[in-house]
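What follows is a set of notes on a single structure, which appears directly below.
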Amino acid sequence: MLCARLWRGLRPQCTVWKQNQSHRVAARLDLSGIYPPIATPFTAKEDVDYQKLEENLQSYVRIPFKGLVVQGSNGEYPYLTDEERVDVVRAVRRSLPADKLLMAGSGCESTRATVQLSEKMAAAGADAVLVVTPCFYRGRMDGRALIRHFTKVADSSPVPVVLYSVPANTGLELPLDAVVQLSQHPNIVGLKDSGGDITRLGLIVHKTKAQDFQVLAGSAGFLMAAYCVGAVGGVCALANVLGRELCELQTLCVSGRWEEARVLQQRLIEPNAAVTRKLGVPALKQAMEWFGLHGGACRSPLQPVTEAEVQQLRRDFSSNGWL
Amino acid sequence: MLCARLWRGLRPQCTVWKQNQSHRVAARLDLSGIYPPIATPFTAKEDVDYQKLEENLQSYVRIPFKGLVVQGSNGEYPYLTDEERVDVVRAVRRSLPADKLLMAGSGCESTRATVQLSEKMAAAGADAVLVVTPCFYRGRMDGRALIRHFTKVADSSPVPVVLYSVPANTGLELPLDAVVQLSQHPNIVGLKDSGGDITRLGLIVHKTKAQDFQVLAGSAGFLMAAYCVGAVGGVCALANVLGRELCELQTLCVSGRWEEARVLQQRLIEPNAAVTRKLGVPALKQAMEWFGLHGGACRSPLQPVTEAEVQQLRRDFSSNGWL
Amino acid sequence: MLCARLWRGLRPQCTVWKQNQSHRVAARLDLSGIYPPIATPFTAKEDVDYQKLEENLQSYVRIPFKGLVVQGSNGEYPYLTDEERVDVVRAVRRSLPADKLLMAGSGCESTRATVQLSEKMAAAGADAVLVVTPCFYRGRMDGRALIRHFTKVADSSPVPVVLYSVPANTGLELPLDAVVQLSQHPNIVGLKDSGGDITRLGLIVHKTKAQDFQVLAGSAGFLMAAYCVGAVGGVCALANVLGRELCELQTLCVSGRWEEARVLQQRLIEPNAAVTRKLGVPALKQAMEWFGLHGGACRSPLQPVTEAEVQQLRRDFSSNGWL
Amino acid sequence: MLCARLWRGLRPQCTVWKQNQSHRVAARLDLSGIYPPIATPFTAKEDVDYQKLEENLQSYVRIPFKGLVVQGSNGEYPYLTDEERVDVVRAVRRSLPADKLLMAGSGCESTRATVQLSEKMAAAGADAVLVVTPCFYRGRMDGRALIRHFTKVADSSPVPVVLYSVPANTGLELPLDAVVQLSQHPNIVGLKDSGGDITRLGLIVHKTKAQDFQVLAGSAGFLMAAYCVGAVGGVCALANVLGRELCELQTLCVSGRWEEARVLQQRLIEPNAAVTRKLGVPALKQAMEWFGLHGGACRSPLQPVTEAEVQQLRRDFSSNGWL
C-alpha cells in the first residue's frame, strides 16, 4: 500500500500518491510548527514508565504544539527493542488528540528493518515517520547509498517520510545533493536537520523550493535563524521543558516580529545547549523534573547527570531567567 | 552463572571465576593467534546464505587460525536481527572444530540488550563475546559510563568478554584509563583495538601487564607492529581473503624473524586498506570471490563496489603480487 | 600611545580610551556594514601587483562598502613578508577615501610580533586591526592563553582591535567565554567570526550586549541569518566579486525586508561557497576576472584552479543567475 | 648552487647531484639515528637566551645523538623572526662538533620564503633542512600543490631536504602518494613523520625502498614500532630530556634485542605523551629543568604549565621510574 496521508485535521484520511510528477497530490502533509521529540521515562528498573509518559502527554496537550516526535534521539530509541518502539508510539497515539501530528522515528541500520518498522509505526498510528541516516558503515554511506535507502523506505511507507540528519549522533551528514534529489520523491515531505549549519539550511530551502519540501530545525538554538532562512518549524529537545516559549518564538518569527523574537531566542540558547550537546538526554530529563514533567531514569549505559553537571544545568536555566 | 571458560582444546570445559583477586583463576582463555572476522554472505534477496557460509567455513578450517570472530563489523551485524545474529553463531559452531575458538559479537547500544545477547551467544556455542563500545550518545559515553556498561556485561556473561574499540565505525575510542580499569575484571580477558594507534597499544600492554590482559590488533595493516609492542594476535578483515599469509606473518613475528616479517607485512598493507577503510565490506566480499570464497551480496544500504572501485581493489592486490 | 579612534566620518580624529570602565568613551568605532577582505593580486613572478590592486580599489570605491579589510585570509597574508603586509596597507590607504574604514590584518603567531605589526599597521593608516587567533600550538591555545594574547595586543594597539576566529584555516575556534571576557576590553570593539555557527553568533551577541560589542559575519553564506541574530555587518570574500549585491542584502536586512532578503541570500550561497570553502582563494581570483576585477596570480604553493574547477565555479555562479 | 652534501663524517664535503636518475650520486646523507628537536630557551623578557642554549648543547654533546634538529616544532620556530631562526642555527653550528649533523627547520607558508630561508640555513651551517608542510590554506594543499612546493624548495636548496609531516600542528598530513613521488627527487632524502600512523610509515618504507628514502619517527611514543617497520631513526621531543635512554632504545632496536627494547619503550610512552600532545612545549621545558637542562620561558602566547599540569607531568615521569 503506497499512500501519503493528507492532513486536514482528520487523522485517518489517506490517499494514494501518484508516481507522475504532474499529478502530484495537491496537499502534502503540513509539518509547520513546533514538536517536542519526547523523552522516554524509565522506571528505576529501566522499564518504560507508561504512567509517567501519560502524565507528560497531559501536560503537552495544553501547549500549542503541531504534534510530537516519538523516538527521535531524545527518546533513547537506540536503547529500545523494536517492540518497545512500536508500543510507545501506540500508547502516545491513544492519548494524543486527533488534531496533533504524531511523527515516529523508524530508522534502523538496515533498509529492510527500516521498511518493516515504518509499516509498524504507521499501523500503530503514526502520521509520518522520521528516518535517520544509517551510519555504522559511514565510510560507505555516500549519496548513492543513502538515496537508495531512503527511496526504498519511502516507496513502501504507508505514511510520509521525513528525512533526519543528526551528525552529532551519527557522525554523518545527509549530503545536500541527496536531500535535493530525495525531495522529489512524492512520499518524502521534509527534513529534520540537527546539524545547525544555517548556510546549508538556507541552500536546502532554495534548491527544493519547487518541491514544497519542508525543513524543520532540529534544535532550539538556531530556531529563529532557521525560520529566517525559510524553515517551517522545529523539532527541539528543549520543547520538552520550555514548550510554550518555543511556540511563542514560532509565533513571533512567523508574524515577522523579529526584534521580539531575537530577545526570546537569545535567552533560549544556553538552556538548549545544556540539554543537548553539552549534557545530553540525562540533563533534559533532569530539567523536565524541575518544570513539573517526568524525566525519569535513563536506560544504561546513559548515566544520570553528576552533581556538578546539575549545578551547571541549573545555572544555564537560571542565568537566563527560566529558574 | 558466572564462569570463564578455560581453554585447553576442549570446548565444553568451564569453571567459575572468583571475585577475590588473590584467588584469580590461574588460566585465562588464551586468545593468542589470528582470527578472521567472518563476512556474512547474503543471497540476492538479502537473506543469510547459510550454504555459502558453510562452504567458507570449510575453507577456513584448513588454515591455522586460532578461531573465528562471528559478527564483528565485517559480519554486517548491525544489519542482522538479534535472532539472525544468534542463528549465525549457532550455525558456525556446528561446523567449527572443537579446538577452534568462536568469538561472537554481542554488543548492542543498551546494556540490557547486550547482557541478553551475550547470554544467548554463549548458549549458542560462543567461547567468548566481543563487545563493541555503545556509541550513539557518544557525547555521554565517557569512561564512567563505559566502565559501568562493560562491567555489567562482564558480571553476567557466561563466557569471557573481549572489549572492542573501533573508532572508524563508532566515532568513539574506548579510553585508555577505562581499558586499564576494566582489565582487572576477572571476566574481561582482552581487547580488540581497531584504531591503529600503536603508541596506545604499547601503553595498554604496559599498563595491564599485571592482569594477563590480551591485546588483539584489529587490522592487518599494523599487525607486525602490534606484535612488536606486545599484542598476542589479530582479528583482521583481510584474514577472510589472505588468511594463510596472516598466519605466516604471525609465525614470523612470534619466532622473532622480524626481517622476513617486515617484507610480508609490507605487501599486506595496501590489500588490507582496500578491504577496510578505503572500500569497506563490499570490497572484502568482492575480494573473497577472487580467492575462491563466497562473499555474496551485502545487505542494503551497503552497496556493491562500483566498477572503478573493483579496478582499484584489483590493483591493490595485484601490485603487491597477490593476484 | 593607547587610543581608540572614534569614527565620525573624519578619519584622523582619535582619542585616548580610559582604563576605568565607568569612564568608557561614549562612542566606539562603528563597524557596521559590508567589507570585502580584498585579494592581493600578484604578477606572474609572484610580486605584489600594485597597479592591479589600485584598479580594483577604483572599482570598489563605487560600491557602498563600509570599508575594506586588507589582509584577511583572502589577501594571502601568510605568504607576504611583514614589510609587504605594511606596504599593501599603506598603498590601499592612499587610494581609499577618508570616509572608508580600513581594517588591517595584523595577526602573527607570537604576541610580540602581533604587537609590533599592529603598531606598524596603525602608522600605515589602518583604522582598526583584525587579529586572528594564533594557532600553531593549538593544543595549548586555550582561553587563558588567547585572552592574554589579545589583551596584550589590545593594550598596546594605537587603533581598535577586532578579534578574528576562522576555524577552517586555523583549526581553532576562539572560545565563547574568551570572546565575552575580551569584549570588556575598551580597545577591543568587535569580532569577525567565519565559523558559521549561527547559534554561537546569537549567544555572543546576547552575552556581550552590555559592551557595545560588534559582531561581523565572516562569510556571505550566513550573512542574513547573522543579521537576524544581531550581527552588524559582514566581511565577505564574495564582496570582492558581488559587492553591490551584498550591500543590497545588508540594506534589506537592516530595513527589515526579510522576504526580499531571503530571495537574494539564497542566490548567493553557492557562489559564496565556491570562492571560499570549496575552491578557495584561487577561485575567488578567477571569479574576479569574470566580473571586471583583477584577481591575478596566487603566490605558490597556492595553485590556480584547474579546468574542471573553473567549470564548477562557473556553474555555481551561472545557475544562480550571476553569469 | 644545487648540491647534496655527502655524509662521511666530514662536514664540508659536498657534491653536485645530477638530475639524471641513472647518474644519482651513490651516497646520500645518512640520517640514521636519534635527534632531539631542541627547545629554544627564552629569557624572562622573551629574548633568545643564547647562554642557556649553549649550556644545553654542552650537555647534549655527551649523548650519542646523530645530530640535532634546530627549529622543529619544539623550538617554537613560528614565534621567531626569520633572522632569529638563522641566528640560532648559526649559534648551534658554532658549538656543535663537526661530526654531528645539524638539521634546520626552514619551512614557511610561501614557497619563495621557504626557498630563501633554506639557502640562509645552509649558509649558516645546516647540513640539511627540515621543511614542514605549509598549511594555512589547507583546503587547497592537495598533493599537486605540495609536490610543487617541495620540488621547488628541493631544486634550489644547497643542502638535502627532509620532508616534515606533523598533522597535530598543521591539521594536514602530507599525502602518501606525494611522499612517494617526492622521494624520487635527488635532493629529498627523507621524511620526519610525527603523525604516528604506523601502517602509513610501513607503507612509505615499502613504496620508497627503491629510492633509499629515509623515514624518521617524529615522536618517541612509536619509536620502536617505527624501527620495526623500517624507519632509520627518530626526531623526538623527549630526547631533550631522556636523550641517552632514546639512544639506548635505538641500539636495542637496531641490534634486534626487541624484548629489552619493548620494556624500555613502554616506560617512555607516558613521559613522551606528557611533553608532546598532552602538555606540549611548556611541559617539555619544565621537564628539562628537572633533568639539569635549561628549558627557560616560552614566548607568548604559549603559557607556562599550571601547577596542576606540573603535578601531572611529574607523575608521568615518576610512575615510570624516571624521577
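Going in written order, the chains are labelled A, B, C and D, and every chain counts its residues from 1.
Convention: a residue touches a chain if its C-beta (ideal position, glycine included) is under 8 Å from a C-beta of that chain, and two chains touch if they have at least 3 such contacts.
The chain list, named the UniProt way, goes like this: A, B, C, D = 4-hydroxy-2-oxoglutarate aldolase, mitochondrial.
Since the model is a prediction, treat every value here as computed from it, not as a measurement.
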Subunit D and subunit B - chains in contact with each: none
Minimum number of chain-to-chain touching steps separating subunit B from subunit C: 2
Copies subunit C and subunit D - rotation angle from C-alpha fit, nearest 5 degrees: 180
Chain whose mean Cα position lies farthest from subunit A: D
Same or different contact residues where subunit C meets its copy subunit A, judged by the half mark: same
Averaged-CA centre spacing for the pair subunit B and subunit A, given as whole angstrom: 36
Subunit A and subunit D, separation of their C-alpha mean positions in angstrom: 51
Residue list for subunit C, restricted to those that touch at least two other chains: none
Every chain pair meeting the contact rule: A-B, A-C, B-D, C-D
In the complex, subunit A residues that touch subunit C: 196-199, 202-203, 205-206, 219, 221-222, 224-225, 228-230, 256, 258, 262, 265-267, 269-270, 273
List of subunit B residues in touch with subunit A within their complex: 46, 73, 78-81, 109-113, 134, 136-141, 144-146, 148-149, 152, 168-169, 171, 277, 280-282, 299-303
